[in-house]
Structure formats: C-alpha cells, structure tokens
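Here chain A shows up in two complexes: once beside chain B, once beside chain C.
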Partner chain A sequence: MAQFRVCPDSGFYFDKNAESLMKANAVAGAVFLLIAGLLGLGVILTRWQEVHLLPADVFYQVLTGHGINALIFWIIFFEIAILYFASSTLLRTRLAAPRWAWLGFALMIIGALMNNIAVLQGNSSVMMTSYAPMQAAPHFYLGLILFAVGALIGCMVFFGTLVIAKEDRTYEGSVPLVTFGAITAAIIAVFTIASGAIILIPTFLWSIGYVGHIDAAMYRVIWWGMGHSSQQINVAAHVSVWYLLVGVLFGARPMSEKVSRMAFLLYILFLQLACAHHVLVDPGLSAEFKVFNTSYAMYLAVLASMIHGLTVPGSMEVAQRQKGLTKGMFEWLRKAPWGNPVFSGFFLSLVIFGFLGGITGVVMGTEQINLIIHNTIYVPAHFHATVAVGTTLAFMALTYLLIPVLFRRQTFLPWMAKWQPYVFSAGMTLMILFMLGAGTLGVSRRHWDMDFTGAMLAFEYPGTAYTMMAVAGIGGVLGVLGGVMYLVVTVGSLLFGKKLDESAGLLQGFGVPLAPSSYTVEQPERLPMAPKLAVEEHGSAGFEAPGTFVLAMFLLVCFVVYYFINWDYLASVWPLS
Partner chain B sequence: MSQEETVTPQDDLPRPERVPFFQRLLDNPFLLLFLGVVMPTVFYIMWGIMEIATLPVAP
Partner chain C sequence: MSSFLPPAERNWWSTPVGKQEVIWVGIALVWCLIMFLMMPYWHLYGKQNLSSEAYQTTPAKFQQRVDEMVAQYQVGEEAGMPIVKPPVGSDVYMLGRLWQWYPILELEKDQPYRLHLSSMDWNHGFSLQPVNINLQIIPGYEMVLTVTPDQAGEFTVVCNEFCGIGHHVMLGKIYVKEN
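== the complex of A and B ==
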C-alpha cells in the first residue's frame, strides 16, 4: 500500500519510497561533487603555470577523475532524484517498482566506486573520453557500464511512474511542464545510455582481450553519442528546474505552455545531434554529416534554448508585474529576492548558461570558426559555463529549496547559503572568461605543461596566455570555495539543521523514512488542470514582459558581435585570397 | 412518445473535446521516446558509422 506525506510548507506530496530514493540519490550526488571539486582544484592549480602543482602522471590521473565525477556521477545521481520528484511528487502518485529503483541505485554506486578505484590505482588515466587505442583497466569500463545500467533502470522506473499516474488518473489534462521537461531529459538519457552500451561494452571486451581491435575513428563517433548527450540530459533537466523554481518562488506560470512544450520537443528531436561538433576536425567524416548535424539541426535546439531563455525570466516578470512591480523596465528584477539562494542560484545559472555557455556553444558548433578553438582550453571553458554553472548552480538552488521540503531540516548557516551562489558563480565566471581568452590564443586543453619543457619541437605561448591562465586559476580556486560552501551548508543542514519534523533524524537525511505517523495511506487529491492564461488564448505574451525582451535583445546583440569577431579572427589567422 | 423520452443517455454527456494532433503527440511519452532515440540514431550514429565504415583502407 502506497504511503504519502504532504509537506506542510510547500504542499508537495511525497510517496514514501520515492522520498527515500530522492534523498539517497541527491546525497550520493553531493558526495561525488565533493570528489570532483577537490580533484578540480588539483587540475586548475596545475594549469596555473606559476603554481604547477602536480607532476604529469598525477595531473592526468586527477583530470580523469575530475571529469568523470563532475560530468557523469554528480550530475546523473542528482538527475535521477529529479526524475523521481518530477514523476512521483509532481504527479501525486506512487513510485513504480521501488525495489528496481533501489537496485538501480546500488548499481550506480558500485559502478561509480569501481570506476574511481580504477582511476585511483593509476593505470586508467585516459581522461573521461578514454579514446581508443588508449586502454584503461577493465574495471574502469565495467564501472561505467554498471553505472549506466543503474541509470537506465532509474529512467524505466520514471516512465513506469508516468504510466501509473495516467492509469490512476492522478492528474487532469497533460502532465505539468516540469514533468514534461523531465520526460525530455529521460528520453535523452535513454539514447545516451544506448550509445554508451554500443561503444563501452566492446571496449570492455577489448580491455580483457576478447576483442582484438577498436577502431579509433569509430570509437570517437559513437562515444560522443554518449559523451555529449549525457550533457544534453543536463540541459533538459536544469531547464525543467528553472521552470519549477520560478513557479515555486513567484507563483509564475509559463508565458505559453504550448511554446515551452514545443521547445522541449525540439530538444527531443535535435539536441542530441550536436554530438557532431566534437568530430568537426576528424578526418573520414563528410562535410555534409558535419554541417547538417551541427549547423542546421543543432540550431533548432539552440532555438529551443533561446525560447526557454526568454520564457523562464519572462514568466517571472509577468508574475512580478502582476504583484505591482511595474515601475520602469526592471523593477521586477531589482526587487527580486536576491538574498534567497534559491532565487540567486537559479537566476545566475540562467544568465551564465545563456551568455557564456550558449554563445560559445554556437561558436564551437560552426565548422569554420570551430577551427580556431578546437581542442583548446576554450572547450572546457564552454562546458564549465553550461554544466558547472548552468546545471550545477541550478541544482544547488534546487537543493536549498529541498532542504526544508524534502529533508525537513532548516538551512544550516543561512548567511553562508546566501553568499554561496555569488561566490561560486563569480569564481567560475572569472575562470571561464579567462579560459575562453587563453583558448582563443591557442592554449591546449588537457595539457600538463604550457612551457613544453623538454619537447623536441619548442613552442612559446604569448605572455598574455600565461596571465590569463593565472587569472583563470584564481577564479577556479574561488569556484571551488563556492562548492565547499555549498557542501558545508547542505551536509551541515542534514547533520545540524533545526528539525522541521521531530522524526527527521540523522539517518532520515540519508534516505531512511520519517516516523510512520508522518505518512498516510490516503491517495492525494487529483492534481487539477491549470486554467488557461488569458495571454495563451491569443498565442503570445511577448510584450507582457518588456524587460525580458530587452534582456533577450541584449543577448542577441552580444551573440552577433561575438560571432562576427570570431569570423574576423578566423580571417586573420587563416588568410585567403 | 414524448420528445424527452427519445433522448438517449449518451446525448446528455458533454461531447469530448477534440484533442489536437500535437497535444496527442506531446502527451505520449513513449512515442516521444521513439522519436528521441530514432532521430539521433539515424542522423548521427548510423550516418557516422556508415561514413567511417566505407572509408577505403590504405594499401
């Protein structure tokens, strides 16, 4: 018999099984974020040439661990928690097959630990991409495979929960937009895991001697079907989180549900094709393949991101204006709750994702100007803007919302929580901007020594590149400090935060249910269909949000200027007559 | 027979609203799953594999 509790503060319903699984996945994600952050500190303090902390072999080992823990383990654990929240809690239904969900969680934990052990043992410093013919230890690949199987089980539980909700008619009409965004994330996850299976299973067999040869070019194409798509799960997931947070914080409704859903549909159809920008300089693939996948299909996904980037702050503006904050163009934004880390985290995530991650992503996806920065440190700068700030900061903001709602604890050290999004985003932005600059000057990614000490062919970067990498190092240290602040607040809240429910003890923070009296077997009330907004009747609310429109135009101008600067730069380094 | 007696129970029910095609598409997560897996499989994975597999082998 399903058991539910209703959060007295937020009104969210929690199925007992789903609640425990959400907590366990979120806590596991935070542990792997800690590992990723500590390893990231080693990376940035080595790339800062004046510090140059680690020897070469340790640097590549640490870089491998940092990439996998940050881009795979932290993110996907947290996303599984989001899938359970978006299905069970938002649709007010029981979780499908909770035992399978726990099995999936166990496989993910075993896989993540196995992979980390392989990296720690020192014979798997092959970077996250593990390009063949570089070979890692067999348990490096096996760990990833087990993790992927666990995550796939999590996705199936999510889809099963959707079926139960529909059968039990726990909601009216269509699923809420946040759940629809989670469906998008889960669909991309299934493709990601399928691509991973196609390439990682033969590679594992190769590592134990059952397969004689892995073709390097084939490996790259298929691996990126997993590697890049895994980051597209993040985009769909954090956009869903944005919609959730503006709804909770401001009571905001999407400006147009239809348009937002169509934007998610564009993600489902086209977002994953952007994998091709990783193979833009690979020989053997035709210009048609590259140009179609990155410069035609990918732009439809970019269009979707621009729609979300307009409608999320737009819906917030509409809600704020309805509350009387109508003075001038930006009173709705000036008087937003900037001291609330849920808001500041969300808004900074949105701005940095759009301005830094979005614009650089389009530049990288253009075959010609990609040549300037391919495989330079510009590339990690781009995905730190999209994932380390866009996704991670959105998830941090969501955590601040969930500490009282899901974990039933008050936030520990609220002053630290208030400053954390600013410290983290300031540090990361500094790091990203200067890595972008250094990348444009040609500084390589995944490179231990900018001085090329002892190299047969000497090369000297301009002095500016060293300065930029030093400033990026300072930014990275500040970003890690922001990450530590997040972990102090979240772990501190679970251990020392004031209890909002008497039974919210230590173990309850890690997945053990609250006292039986907190739950009831009564089925929650059916989720009613939201009434249509007046603006939806005639299709557009564009000028209901003039401030957002101005911000969007500013983004567009920045994009156009930066895009053409890159073309001009290409013309200067690649003169054609 | 009076006019009221000829009214069937079905006639009392409100006519179900016609659900537009796109809404039916968006309301079906498994159809979306199919589309979301087929599109990148065809245009990225299969196309990419075919191009690599048909490269002439160096003599």
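== the complex of A and C ==
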C-alpha cells in the first residue's frame, strides 16, 4: 500500500517511494553540477588568456567533462526528479513501478560514472558532441547509452504514473498546467532518446570495430536531431518550473490555460524537427531545407517561448494586482519578494533566458547570419544564457523550495541563499556578454590558445578580444562562486539544516490544515480543481497585465534592433554564393 | 494557485482568451514571419549566401586535385608551405588536415573564385579572420562556394572545430592583392 505524507508548509502530498526517488535524483544532479562547475572553472581560467591555467591536453579533457556533466548529467537527473514531482506529487498519486524507477536511476548513475571514467582516462577528449570520425573509448559511448536508457525508464515511470492517476481518479478535470508542461518535456525526451540511440549505438559499435565507417556529415545531422531536441526538453522543463514557482509564490494562475497549453504543444510539434541551425554551414544541405527547418520548425517554437515569456510574468502580475499592488505599471514587480531566492532565482532565470539566450539563439540560427557566428565563442555564450542560467537557475530556485518541502530541512545559511541567485547571474551575465563580444570578433570556441603558440604561421586577434575574454574570465569566476554558494546551501541544509517536524510557517499552506509530516495517509483526497475566480480587471485599458506587456514590447524592440544589426554586419563580409 | 491545480473550468479550451495575449501572439507571429521572409529575401538580394553545391569525395581524390593545383600555379613558399596563385575565376582548393590548412592562396581583389574545401581526416572549422566567415569542413565532403574577396590584405584561416591536440596551431593564409 502506498504511503503518503502531506507537507504541512505547502500542502503537497508525497508518496514515499516517489519522495525517495526525487531526493536521490536531485542529489545526484547536484553532485554532477559540482563536478561540472569545478571543471568549468578550469575551462574559463584557461580561456582567460592572461591566466591560461591548463595545458592543452588537460583543457580539452576538462572541457569535454564540463559539457557532459553540466548539460547532460546535472540537468537530466534534476529533470527526472521534476517528472516524478509533476506526476506523483502534483497529481496526488502513487508512483508507478518504483523498482523500475530505481533501476533507471542505477543505470543513469552507472552510465554517468562510466562516461566520466572514460574522459578521466584521457583518450576520450572528443567534446560533448563527439563528432565522428574522431573516436572515443567504447565505454565513453556505452556510458551515454546506459544513461539514456535509464532516463528513458524514468520517462516511462512518469507516463505510468499519469495513467495510474487517471485510473484512480486522483484529480478532477484536466491535469494541471505544470504537469502538462512536464508531459511535453517527457514526450520530447522520448523522441530525443530515440534519435540518440540511432546515432550513438552505431558509433559505439564502430568504436569496438563492428561497424567500419560512420558518415561524418550524417553523424552531425542526426546527432543534432537529438542534441537540439534535448534542449527543448530543458526549455519545456524550466518553463514548467517557472509556472510552478509563480503558482507557489504568488498563487498565480495561468492567464489563459488554453494559450499556455497551446504553446507547450507547439514545442512538441515543431521543436524536435529542428536540427538544421546546428548544421547551417555544413556542406551539401539545400537552402530550402535549411530555411524550412529553421523557420517553419523553429520559429513556431520561438513563438511558443515568446508566448510563455508573456504569460509567466503576466500571471504573476495579475496575481499581484489582485492582492492590491496596482499602483502604476510596476508596483507588482517592485514589491515582489526580491530577498527570497525562490523568487529572485526564478525571475533572473526568466529575464536572462529571454533577453540573452532567446535573442542570440534566434539571431545565430538564421541561415545566413550563422556564417559570421558558427563555432565562435558566441555559441557557448548563447547557450550559457539558455541552459546555464535559464534552466540551471530555474532549477536552483526550485531547490530552495524543495529544501523545506521535499527534504523537510531549514535552509542552511539563509543569507547566502538570498545572495546566491544574484551572484550567479551577475557572474554568468558578465561572462555571457563578453563572450558574445569576443565571438563577434571571431574568437573561436573549444580553442586552447588565442596566441596560437607554436603555429607555423602567425595570427593575432585584436587587443579588444583579449580584454573581452579577460572580463568573461572574471565573470566566469564569479559564476562559479555563485555555483559554490548554491552547493554550500543545499549540501549544508541536508547535512546541518534543522529538521522540520511540524510546520515551520514557511509558506501559506494552500488551505491545507497544518499537521505533522509523517506517513499517515493512505490515499490523499482527490485533487480539486482550482477555485473559480470572479472575473475582475485590475489592469488598465482592458489589459490584465499592462506592466508585463511593456516589458514584452521592450524585449521585442531589443530583439528587432539586434537582429538587423547582425544582418548589417553580415552584409559587410566577403560576398559568397 | 492554479498553475499546479487542475484548471478551474472543465472546458478550459473554450474559455475566451484575454485581449492582451491575443495581441501579443499576433505581434510575435508577425515577427516570426518577418524573420522567416528575411532568409529567402537575402537569397534573392543579399550577397552572402552559402551555396549548397557539394560533392562526396575521398581524401585521396581531393588531395590529388590540390596537388595538381599546387604543381601548376605555385608562386612561392612560406614556412614550408607553397603559395599558390590560381587564375581569376578558376577552381581553387584548400584542404584541412591535422593540423594545417594547405596550401596558402593568393587571390585578386574583387575577382570571383570557386573555392573547394574538404578535410583529410576529422571535422575542421574554416574560420576566415578578421573577416569572420565560418564554415564546417567535413571529411568525405567537398564544399564548393564562390567567393569574391572585396578587401585586400592578409587573411588567416583559423581552425574553429576541435580537431585534437594540435587544434590551436592549425592556421592557414589567404593573401588578397590589389590588381
């Protein structure tokens, strides 16, 4: 019989099995983030040319490890925890097949360790993308495959849990929006893992000699079929987390269920098709394919993100205005709980994802503009804005909620938690902005030495490129400090944080009576639908969230201006046809 | 508190959408369409477009074509590498291999050339500096594009796709002379 406890602070119900699995996955994720962060420090201190910390071979090894541990292991472990939360906890149901879930977890751990060992042994410094025909040791690929199988099992457990919830009728009406977003992420994950299998399994067989040849161009197209859609998993997951956090923090409801859900659907329909923006300057792909793939397939997903970009802060604004924060355009924002890391982490993640990650991504994914950006350090700058701030910081903000709610601990060093999102995003923003700049000057990514020491021919980047990489270096160090603060708070809370037996009065409790948190419940009451609201207009000019609209228009103006600046820059380079 | 509760209305798909969201979706959609149209527009009126001309090849075949060009049009040598000055408008070749771009090319300003690029071993990145044109060079594939250098001077090809321990010494040169 399943056992549940109700969190007296939040009112969330936790199935005992699901709870342990969420804890295990979240903690594993944090451990891999720690590894990734330390390796990231080595990377940035080498790219900062005046410091130039590591020798070439170690640099490439460390960069391979940084990319894989951060982008794959940290994020996916945490996402599995989110899937279990969004199904079992949010729908008040027991987790399907907990043994399978533990098997998946074990496979993920084994796979991640195996891959890390391969990289550590030194003959697998092939970067996260492992482009054939450069070859890594067989257990490099095998580790990734095992990890993917484990993650696939996690997705299946998630779907199974949804089925159980439906059969047991544990909720009324439709699934909540947050769960809907998680379903999106999981569906895309299944597609992703399928195309990952299509490319990684032959590559593994090739590395042990069973397959003679892997076509290098085909590898890139299929690899990015997986590589890009896996980024869509992240977007769907962190957008769901944003919706969850505005719900928890402000009692916000989506401005329109329909619009937000349609936007998630657009992710499913269009995102996993889009691989072309990674291969825009590869030989032999037709212009029609590239234009179609980047626009039809991608812009509809961009549209979806632009919609969430309005509706997430918009729903927060509506909720704040209903509480009476109606003065002017921005009182709802000024009077937000800026000292609460759950809020500041969420909001910074949203802003930096939109302004830095979103805009740069669309610009460099434009067929012709990609010519002036491909493989420059601009590219890692872009995806640090999307995954290293957008996704990672959203997950960090969620962690600050989970410490009391899931782990039932008081936050260790709350002042540090309070500052962490600011330090992390300030550092990362600095690094991102200056790497964008250096990329525009042509500085290449995955490159050990801007001085080209030992080359037969000589080349010098302009002095500004060095300055930019140095400032990026300072930003990166600050970012790593922010990452360390996160780990000190989380690990400290789990080890030394005061245990919360009774309600600590941390959250408003969502109307659930406060009770000691023990596993007393056999089956929670059915999850009710959200209460109906009397329709009220709190904004001006018929707009429910005018402040958000102003912010969204500001984003659009930045977007348009920056987009055309890049066309202008493109027009200045050598004619090609 | 309803983003994580089931929607308040059972038929949430038929509840009306607020004016603000409708307007924003409209604006965003128009913007996406403009961005879409910019790409075909640039194919018609812009000067920087990548051709989709490419052939499957083998390292040996490509190497042979490079060697023929070098034998015919070599005009000098720098750092042990031949400098080649092929005729205006002709097919010119450059190969990437661990860890050099070979050979050095000498071109005339404002004249078109058909540039063929391929790799002998792994992926390489053709990154022309300081112009900042970046192309992915893949073994087994020969990419052909028409370039018209519109500045005179010394240009460097940096390798910007990771290609092993010597990646950072992989440089090539293109000299563009006024005619």
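General remarks:
Throughout what follows, the second predicted complex is superposed on the first by the 543 of 577 C-alpha atoms of A that agree within 3 Å, B and C clash if a C-alpha of one lies under 4 Å from a C-alpha of the other, contacts with A are read in each partner's own complex, and residues count from 1 in each chain.
FYI, a residue touches a chain if its C-beta (ideal position, glycine included) is under 8 Å from a C-beta of that chain, and two chains touch if they have at least 3 such contacts.
Since the structure is predicted, the reported quantities are computational estimates derived from the model, not experimental observations.
When chain A is checked against chain B and against chain C, the one touching more of its residues turns out to be C. By the touch criterion defined above, A:L162 lies against chain B but remains apart from chain C after alignment on the C-alpha atoms of chain A. With both structures placed on the common chain, the touch criterion links A:A217 to chain B and to chain C.
When the shared chain is aligned, chain B comes close enough to touch A:I198, but chain C does not. Shared-chain residue A:V405: touches no atom of chain B or chain C. Look at A:V190: by the touch rule set out above, it reaches chain B but stays clear of chain C.
Of the two partner chains, chain C is the only one touched by A:G251; chain B is not. In the superposition on chain A, A:L269 contacts chain B only, with no contact to chain C. Once chain A of one complex is fitted onto chain A of the other, the partner contacts of A:P528 are limited to chain C, with no touch recorded for chain B. In the superposition on chain A, contact of A:L348 is made with neither chain B nor chain C. Residues 174-175, 215, 217, 279, 284-286 of chain A lie in contact with chain B in one complex and with chain C in the other. Of all residues in chain A, those touching chain B in their complex are 159, 162, 174-175, 180, 183-184, 186-188, 190-191, 194-195, 198, 215, 217-218, 221-222, 225, 229, 261-262, 265, 268-270, 272-273, 275-276, 279, 284-286, 289, 292-293, 297. On the side of chain C, the complex with chain A involves touching residues 1-10, 12-13, 15, 17-21, 23-25, 27-29, 31-32, 35-36, 38-40, 42-43, 46-52, 54-55, 78-81, 100, 117, 121-123, 125, 127-143, 145-151, 156, 158-165, 167-173.
Chain B contributes residues 22-23, 25-27, 29-30, 32-33, 35-37, 39-41, 43-45, 47-49, 51-53, 55 to its touches with chain A in the complex.
Residues of chain A that touch chain C in their complex: 56-57, 60, 90, 127, 131, 133-134, 171-179, 215-217, 220, 243-244, 246-248, 251-259, 279-287, 291, 294-296, 299-300, 302-303, 306-307, 310-311, 314-315, 362, 366-368, 370-376, 440-442, 444-449, 452-459, 461-462, 510, 527-533, 539, 542-546, 549, 552, 556, 559-560, 563, 567, 570-571, 573-577.
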